[in-house]
Structures are given as structure tokens and as C-alpha cells.
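Two complexes, one shared chain (chain A), two partners (chain B, chain C).
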Partner chain A sequence: MIRKFLHKFRASDRNSYWFISPYVIFFLAFTAYPLIFSFILMFHRWNIVSPMEWVGLKNFERLVLDSLFLKSLGNTVMFLLIHIPLQIVVALGFALLLHSRVRFRGLFRALYFLPVVVSGVVVTILWQQLYSYDYGVLNSVLSSLGLPRMPWLVDASFAMPSIALMATWKNVGIYIILFLVGLQDIPSELYEAAAIDGASRSKQFFRITLPMLNPTMIVIMVLSTIGGFSLFIEPYVMTGGGPMQSTLSGMLYIYNQAFYFNHMGYAATLGFALALVILAVVVIQRKVIEKDSVA
Partner chain B sequence: MASVGIKLHLLAAIALFLGGCSDHRESAQISSMELTYWPAPNPEEIRLADTLVGVWNRLHPDIRVRMQPIPVSQSTEEVLLAAIAGKTTPDVCSNILPGAMLEYTSAGGLIALDEFSDFDSVALGRTPKDVLETFRSGDHYFQIPWKTNPVMMFYNLRLLEEAGITKLPKTYGEYLAAARTVTRDTNGDGQTDIWMGERDIRPIWWQRLFDFFPFYIAASGGKTLFENGSVAFVNKSSEEVFQFFQDCYRNGYFPHTYFQGGDPFLLEKKASHISGPWEVATLRKFAPQMRYDIVPVPVPDDYRGPVYTFGNFKNIAIFSTTRHPREAWEFVKFLITAEHDLLLLEICNQLPIRGDLTANPLFGDYFRRNPKMTTFARQAAFTREMDAAPDLKEIFDAISQEYEECCVYGKTPPAEAIRAAAQRTQLIVNWNK
Partner chain C sequence: MKAAAKYLILLLGAVIFAYPFLWMIAGSLKPELEISKLSLWSDHFSIRNFFTVISKVPVGRAFLNSLLVSLSVTVFVVLFGSMVGYALARLKFFGQKMLYVLILFTMMIPFQITLIPQYVMMVKLGLTDTYLSLIAPSMMSGLSILLFRQFFMSIPQSLIDAARLDGCSDAGILFRIIYPLAKPVIITVSILTFMTSWNDVLWPLIVVRDRSLMTMPQLVTIFVTGGEAESQLGLLLAAATLLALPVIIAYAFFQRYFIQSMASSGIKG
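Showing the complex of A and B:
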């Protein structure tokens, strides 16, 4: 049996295995092993220090009764509901501007992309300063205009929209690029034909540009949804999940359970549940969008 | 001739090798008699540890102790758990929170001190039996009681007098009545400058050890969160505590923000401050001009009886990684002698857990010179410790979240908030069973 296998494992193949080995090793160490270990952890209680203790389905029982996890999911959904439409509108707007024959187009593209490459923690700290109730630039501007100060991060109803606004600013550059690619793929003949038929600019936008950008929209919505469910750095640095847990995202809750309370097993269970939620949302999202585009 | 030369070289090599081995063994023996001691990382306790370790090393040149303050982190408990996981624990640590004992012992991080033959005589010679009993973990003692810092209420006398208050508030009613006149805008800019009190509004679990928890112990006549292993804080006392803090925030007696640029009590911007005996030294150092007094934390208006509080105990333990348990135990005994307890008072202004604290003439002179500390020494007899429950950090976090929502922001009624905190506590307890 082994001889047969070794016979098949020809010299030429052997070289190719060497070439793929770095990826395979990386995959086994950083993807397969953590996945398997997380799966095992879901049935254990483990605080890193003590030996692992088998608890059967106890972590799942807790998950079902855990209202805080539901709240964290609700907060994440609230973030997505603000962040995704805002992101699409802003990114599309800038992409349309950059697609036109504007001067210094390259410079603007680079400027819009700059926040994407800046460290998330740096951006978050910067915005935390901007949002500061007492000393922030935003409230200073409002005060100088005679307007009341806004409780950007210190009021439960303002905190998550403030974070969504910041996340949009941080990530919009990448979506501008995606929309630009989509816009460049639209054949110019369509616009020429529409212009000859007397279609106005707005009609061209709603009848040609938007439908032709549908595949790009799907990509952006899926990416934004997955990215939104991974919301962590912003609430972790800016609010710690407060005030009144209004910015406690699913990821932050998992982090707290794992590294603040040392409940590794329960955190693994929460991670599994969150992965299922993301999968369900993305599948539903795709079905709805595809159905709409067929219709 | 050549063979003789070779033999000589060989002999020399063997001699050198054996010599090296012998030297190495000797030095290993010397270095192996070194103990590592971790005190709390605050300047006073480091100074005390420095002094005690210096004396010990002079008296015991064969068992040297190396003092290293606990690495600074968000909490000592996190550092110690990480050290247990990494097997990098010291031999002895004197900043053991009794509430975290379960985590340490279940990880096998500590050795049972009652296995030393003289444990009973040493422990009972210093600490009353009923107090010692509260630190038992199952059948064993993994810690020896060291010091207590009863949480009490400090009042700034000048700020109270300026508002016409001459009697220190001792009940919720008196406190809130005083707050109405004390909290004020002194320069007419529309912003409050003097507050009755202030607490960190962030829902950090250990902050509740300095507001909700001591107030609950006081209001309930000495109860803690659990009774016979069951959640026991859904009652009138806990609701009254939440109601009291809600009133403080809702009426604007406590600010909803952080103070920028220093401690508001030291700066005389707030009239009351919940703290422990270490605050006396801080005030002496940073606000020597301040006139203040210390009383037990306020209680509900209809409360009768002795006022209990959170004892904030810190104890000493020996870690199971020690290679010299006997020597480590000798060092622990050295730390808790009456003379060194006096040093704990003198240098740190913290109270040793001794039955004879107010009666022993050795401490008499200290208390005469520091009358404020006598108040804490008297309160020490009426203290309670955190329950020995698993996941206390998460339980206090659950209470903190409800405290924030109910007391700070006034979004939920006290009874509802207490019920929600208890429900989550029960969920945590059940999960740990």
C-alpha cells in the first residue's frame, strides 16, 4: 500500500510539494489547528491556567440564555444598518467624481485611500480625540457656531452611529476603488446611445450606471457585512463597549469572554455562533440581491 | 615521554572538569537558596518590602530574598494567573486577593500553609479564629491573613462648613440633604465647581468594591452577595443602595464625566470620598492643608446597628513553584511578626489583621500619633470580605453594567436593575457548577 503510494509520489511531484509546503504549513498552523482546537474548546471550560474541563453542552446552554450576546448582535446589526448604506452612498459619490475628468485625479485617489492603510488603532485614537465631549475638535466647531455640544461617545444613542461614521471614513477608500473598477467596466457605447435617445444625466445614472454596478454592489455589501460583524478595534479603543453596552459588538463580547474573563471554551462557542450568524446573513443577502437583479 | 605528556594533560583536564563541577555545584547551592518575593507595586509597600527584605538578608545570609514588585498591569490577579500559567510565579506574594483564591487553587498555583506544623500557632497567635476561618478554602488554608483596608467615607470639613453642614452625614437622608447645599457653582459660570461626591463612571468591575459593595454590606448589616452558595443580594438593601446612587447622579450631586487634571478630593473639588486607610498618607503628602474626618459609609435612614463595610483584605501566599517551601514559610512568618506589623502601619498606613491591634502597647504610640487611623482600626472589627465564588470578576462586571444603567444614567428602576444583575450572576454561577 505504502509502496504503491510512494510509487505514485513521483520525483516531479515531489518538487511541487516542496513549493506548496510553506502555504500548507501556514494553513495547518494558523487555520486548521485553531479551527479544530476551537471546536474541541466548545465542549470544555478552560481558563488557560487550569487544566481543561469537559462540560458537554453547558457552553451552548449558556449561549441560549445569554441576553448580553443577543444585545451584542443587536448592536452589530445597528452598526451595519448605518454603516453599509452610508458606505455605499459615500463611496459611489466619490467614485463618480473621480471617474469624471477631474484635475489631480491620482492625488485624490491616493488621499481617499490613505485612511485604509493607516493603522486602525491610530485612526481610532485620532477620532476619539475628535469626538471628545469637552475637548474635541467637532464640539469646538459646533460651539463656535453657537450650536450645542454633541455627546458623540458618551450617550448610548449616539455612540454606535458615531463609530459607524468613523468606520465609514476609515474604509471608504477601498470601496471607492471597487466602484471605480465597476464604472470603468461599463461600456461607453451605452451612454452614447442613451444620450442620442435624449436621456438626461440622472436617467443615465439610474438606468445604466446603477444596474451595471450591481455585481460591484453585491461584493461591497458582502465585504461590508463580514467586515461589520468583525467590528472590534473601534469600540475596544473608543468606548470599551459602553455607554450602557450600546457599542458592545459581537467580536468585543467574544474578546471579553476569552481574554478578560478567561472563558476560552465559552468564547469559542460564541465565535462559532457568530460565524453561523454571519453565514446566514450573507446567504440571505445574496439571495435577496440576486433575486432583485434577476427581476 | 609523549605518553606521559598526554597522561598529564588528561589528568589536568579531568581535574579541571571535576573542579568546574565542584564549583558549579557549590554556586548552584548558593543560588538555589534564593527566594523571590512579590509585594504590591505601590511606593509605600515597595519601601516596606525593601526594608523587611534588607533586614531578612542581613539575618539570613544563607537564604537570600530577592524583592521584585508585582509587574504593573490592569490587576494583580491577571499578573498572578499569567504567572501561574507560565510557571513564573514567585516563591512568596503579599498581595493576594481572597476573592481570587479559587482561581489560584484550582490551577494548583498555591501550597497549603496548614501543612506546616506550626501554622495554627502562628496564625491564631495573630488573627482571631473566626476571622481566620473566613480565609479557609475547603479543608486547607492557602493564604495567611496579612492586612485589611476598611472602606470608609472621608469628608472635607471646610467644604461642608461653607455649606452650613456641621454634622457629618451618616445616613442616606443626611448625605443627600447635605449634597443639596454642598454641590454648587462658585464662580457663576453655569458649571458646578464643588460636588458632593464623584465616582469613576466607567463600568469597571473593581470600582464596585468602592461604592456598591461596601454600601450594600453596610445597608444589609454585614451581608455579602452570596449565602450558602446562592445569590442573595436581591433584597431591599441592594435596591436602597442603587436608589441612593441614582439620586446622587440624577440630582447632579455626582458628575457624569471624569475630572481632568487630578484627584478632585485632593484638589478640594468634592466634599466626600470613599476610600481606605492608605488615603490618610496620600492626604498628608499631597493635601496637608486639608481638614477632613472619617466616618463609616452612609446607611439607609432606618438602619440600626453596627455599620459593616468591605474589608479589602490582602493576604500572603506561597506558590507551588517554590523549591524551598520551608524557607518560604519562615520568610512569611518573618513578614507578620508584631514588629513588622508596626512597620506596615508606619510605612504604609495599612492595618495588620491582628486581634490585638488596638490593645497591644506596641501599636499604642502609632495610634496616638495617628488618631485618624484609630477610626479604621475600630472599623476593622466590622468588615466583610468578597465571597469565595468562582468568576467574581464577571459577577462584579454584571453588577457594574446594571449600576451604570440604573445609577449613572437612571435608565432602569433600582429593583429591575438588581433583578437583572442577580439573573446574570445566577447564569454565571450555574455555568460554573
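Showing the complex of A and C:
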């Protein structure tokens, strides 16, 4: 047994261990050690200055009863329920337009992609002004059209949807590109065959285009779900989590627990719980969509 | 669909995605009272807001900090990513499959779980408020390893064999034979890494409190949330413009590469 391993080890290319050593060191320092340490932290109360205090399962008891953590998960679900469908519809719409024969395609694509490359801080500052109740551009446009002003960020039931709208505006460019790539990968023979069989344009769209774009849909859902659960700078700058905790995101809550209250142990527990929730949601999404596409 | 309607929608989209940025830049140059107007023009344009922002916070220093951090991170990610990618694609060694699975597995771990322990580590090592704390945790990226691996697997074996016959070492093969061929993937990884690093604000907020070490987005965030802007819209927009302009200028020149890079990352992810 040992000899077999030794033999395999000797048969390895000499230099390979040098080549992978940066990854191994990095993995030990920035992934393995933090994972182990987070596991230790979860059983302690610690403000980073005084010695760690063992509290057993106290952090988990607190977690289960923590209405703010639940609230932050609910807020994220609210965000995703608006963000994901809106993003898929808008991105698919523009991708279909750009995929058809159209001039200045490159220019349009480049403009739609612009918000993606700009820092989230810029986008947040900008939209905070657009959303402003009294002086915001959006409300002055609404009132000049004779419509009522909207309480974009000041009303608890509007604030999270407003942030979801902004996030869609910022990210939709990536998904337009991904849909475009997906559309180009659909073989044109499929449409030709369908046209010969007399399938209408709308039938072709629902029977060929949409099913063929399923892998792209999965990527988009997974990426935006992870993005949604990592939402931080937008509520941090725009609303501070308010009004009435309606924009408190999971990440913002962890940040507050760790760096505002110095509850390192509880923050680590929250991070662990949030990570589990993310993984569970992503796995469920994949299962559901893959099942759909087989049926 | 009628061509006119199609172009109308496309144009409307262009306005929706680009106009807010024009409005932001115009607003940073306008007097306070005219900012909330929808129009871009003002008879009283001035760059006073920019002077005020620069006099209140060390923007120039933050720009250089961001440049230093993002460039270092990019160099390390390209160097290390290509080394590991080369070993995975072109060498044979014991534990190769295990390493590959480990990299995939590590990429799936949400960052929220390691964030707090990483911060504690920085505190215990006395590394908070240093460039090292900003650079070190981003020096390696699983995605870039995978991108390099995939590209390196497509290189013909005959090329590598020929180089080896000429007495080229593995390092020589990677850096002298493969690197010149790998420009597309190096550009992709560089743009992705640089952009992510340049725009990151959560980690700097956590490990840096010293103003002279703050990165650009962090400094602007602190400026906006810390009340120094005294809720003057012009100052907020000027700070945001200072942060956005370098990226917008780079994007204007290299937009094709930006879009390609993001597309290839999304397909992997």
C-alpha cells in the first residue's frame, strides 16, 4: 500500500509540487484555517479584545430565536422574488432584440453593459439621488406627468423593491450577454425544421428558444441568488438597513454584529447559517430547473 | 416586429442605462439648486465641487492605493493561477484529481463563512491597516485557475515536447512558450481580477481604518456615509464621479475585452 503511494509519488513530474505550492499555502491560510476557526468561534462569545469565553450552543439558540436574522432572510427573499424574474425578462428581451438583425449592435451592447463595470458604490450614490423623495429625478418626472410621487426609499414596503430595481439595472448587462451567447449556440436547423413543420414564431419561441436557454437560466438564477444573499453596500450606503429594518440584508446584519457590536462568535454563527442557506437555495433551484427541462 | 419599434426600444434602453451616468457627471458640475432637474445643461457649470471633495478627503492617495492593491492582486492571480493551471493541465502528479476537486469545492464555499475568521486572523497577525491585508486574501482565485487550465489543455503536446527536447524546464515552457500564446486568457483573467479588486469595498471597510491606506471606493463610501459631504448633492455626485471616471475611461477603450471576460466568467460560474 505505502509502496504503491510512494511509487505514484515518484512517478509524478518533479516540478508539479512547486507549481501547486502557492495554492496549497493559500488554501491552508485563507480557507482551511478560517473554516476551522469559524467552527471554534461559533461556540464562543468573544469581542476580540478580552479572552474567548466558551458558551456551548448559546449562539445557535440565539440564532434560532433571532427575529432580525429571520427578517434579513425574508428581506433577501423579497429582493430575489423581484430581482430574478425582472432581470430574466428584461435581459431576454434585449438579448432577443440584439440577436435579430440590427445595426449598431456593438454600441447598444456596450451601453447596456456600462453599469456592470462601474463600482456598486457609484451606482448606489447615484440612485440614492434619483430615488430622493423631494428632489429626486424620478419623482419630478412622475409629478410632471401628473402622477403621485413614490416613497422609493422612505417607505418600508417600497425600499427593498427599490433596491431590487436598482440592482437589476446594474446587473442586467451581464445577463444580456449571457443570453446572447446562449442564443448563438442554438442550431439554426432547429428553427428551419420547425418552420417546415409549420410552427408559428411564438410556438418556436416557447418550444425551441426557451428550452434551449435553460442552462443560461440556471446560471443566471444561481449568480443572482448568490449576489442577492451577498447584498451589502447598497443598503449600507443607501438606507443603513432601514426604514424599519426593511432593507437589512444578511451580510449587513453580520457586519453590524461583528464590527458594530463586536460579537465575533455570533457573527461567525450568522455567517455559517447564511452560507448554509445560500447552498440550500442554490441546490434546490438547480434541482427544480433541471427536473423541468427533462420533463 | 417593425424595425422602427425595435430601434425605439433599443434606444430607450440605451437612454435608461447611460443617461443616469451623464446626469451624475453633469450634476457634479452644476450648482446645488439645479441638480434635481432632469436636463443635463446648466449655464453655471463649475468644477468647484471637485476641489471641495479633494480638499476634504485624500482622493489622490486613495486612487494610488487602489491602483497598487488592484495591480498587485492581478499580478499574483495571473502568476499563481497560471502555475496551478499548468500543473493541472500539463503535468502528472500524485493527488492531481484531489487538488482539482478541492479547487472546485473551495469555489462553492460562500465567502460569508470565512469573512469573520479572516478578519480575526488579520487582527491577530497585526496586519490590519496594511497593504498586505488588502492584497493577501485575494492573491489566488479558483476561477482563474480553471480558466488557465482549460486554455492550457488546448495547447498541442508537440509544442511542449519540442521545447522539452531543447532542454526547456517546466517554468521555461510555461513562461516562455505558453505565455505568449495565452494572451487571450491572461487578458480575461486580468480584467476580471482587476475589476473585482478595484470595486471591492466590504473587505477594505473591515481591515482598514487608516485614511491614508483607504481604497477609492472605500474612501468615497466613508465620505458619503460619514456625513462629511454635509448632504450637499453636488459633493456626493462629484465623489461618485471621481470614483467612476477611471473605470468608464478604461471601459471606453477596452469594452470588447470587458464584455468577453465577463461572458466567459459567467459561463464557468
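What to note about this one:
Going forward, the second predicted complex is superposed on the first by the 281 of 295 C-alpha atoms of A that agree within 3 Å, B and C clash if a C-alpha of one lies under 4 Å from a C-alpha of the other, contacts with A are read in each partner's own complex, and residues count from 1 in each chain.
Keep in mind that, in the parts below, a contact is a pair of C-beta atoms (placed from the backbone, for glycine too) under 8 Å apart; a residue touches a chain by one contact, two chains touch by 3 or more.
Note that the coordinates shown come from a computational prediction; the quantities given were computed from them, not determined experimentally.
Applying the stated contact rule after C-alpha superposition, one finds that A:113 touches chain C and leaves chain B untouched. Judged by the touch definition given at the top, the superposed model places A:206 against neither chain B nor chain C.
By the touch criterion defined above, A:156 reaches chain B but does not reach chain C.
Once the two structures are overlaid, the count of chain A residues touched is higher for C than for its counterpart among chain B and chain C.
Look at A:261: by the touch rule set out above, it reaches chain B but stays clear of chain C.
When the shared chain is aligned, chain B comes close enough to touch A:65, but chain C does not. After overlaying the two complexes on the shared chain, residue contacts for A:48 are found with chain B and with chain C alike. Judged by the touch definition given at the top, the superposed model places A:233 against chain C, while chain B stays out of reach.
According to the touch criterion, the shared surface of chain A, contacted by chain B in one complex and chain C in the other, consists of residues 48, 240. Listing the residues of chain B that touch chain A in their complex gives 81, 84-85, 103, 106-109, 202-203, 256-257, 260, 391, 393-394, 397, 401, 404-405, 409, 411, 424, 427, 430-432. Within the complex formed with chain A, the chain C residues making contact are 1, 6-7, 9-10, 13-14, 16-18, 20-21, 23-24, 27, 35-38, 80, 83-84, 86-88, 91-94, 96, 99, 102-103, 106, 108-121, 123, 136-137, 139-140, 145, 169-171, 195, 198-199, 201-202, 206, 217, 220-221, 224-225, 233, 236-237, 239-240, 243-244, 247-248, 251, 255, 258-259, 262-263, 266-267, 269. Residue ranges of chain A in contact with chain B, taken from their complex: 45, 47-50, 58-59, 61-62, 65-68, 133-134, 154, 156, 240, 242-245, 260-263, 266.
In the complex of the two chains, the chain A residues touching chain C come out as 5, 8-9, 11-13, 15-17, 19-20, 22-23, 26-27, 29-31, 33-35, 37-38, 41, 48, 93-94, 97-98, 100, 102, 107-122, 125-130, 132, 135-137, 140-141, 169, 173-174, 177-178, 181, 219, 222-223, 226, 229-230, 232-233, 236-237, 240, 250-251, 254-255, 258-259, 264, 267-268, 271-272, 274-275, 278-279.
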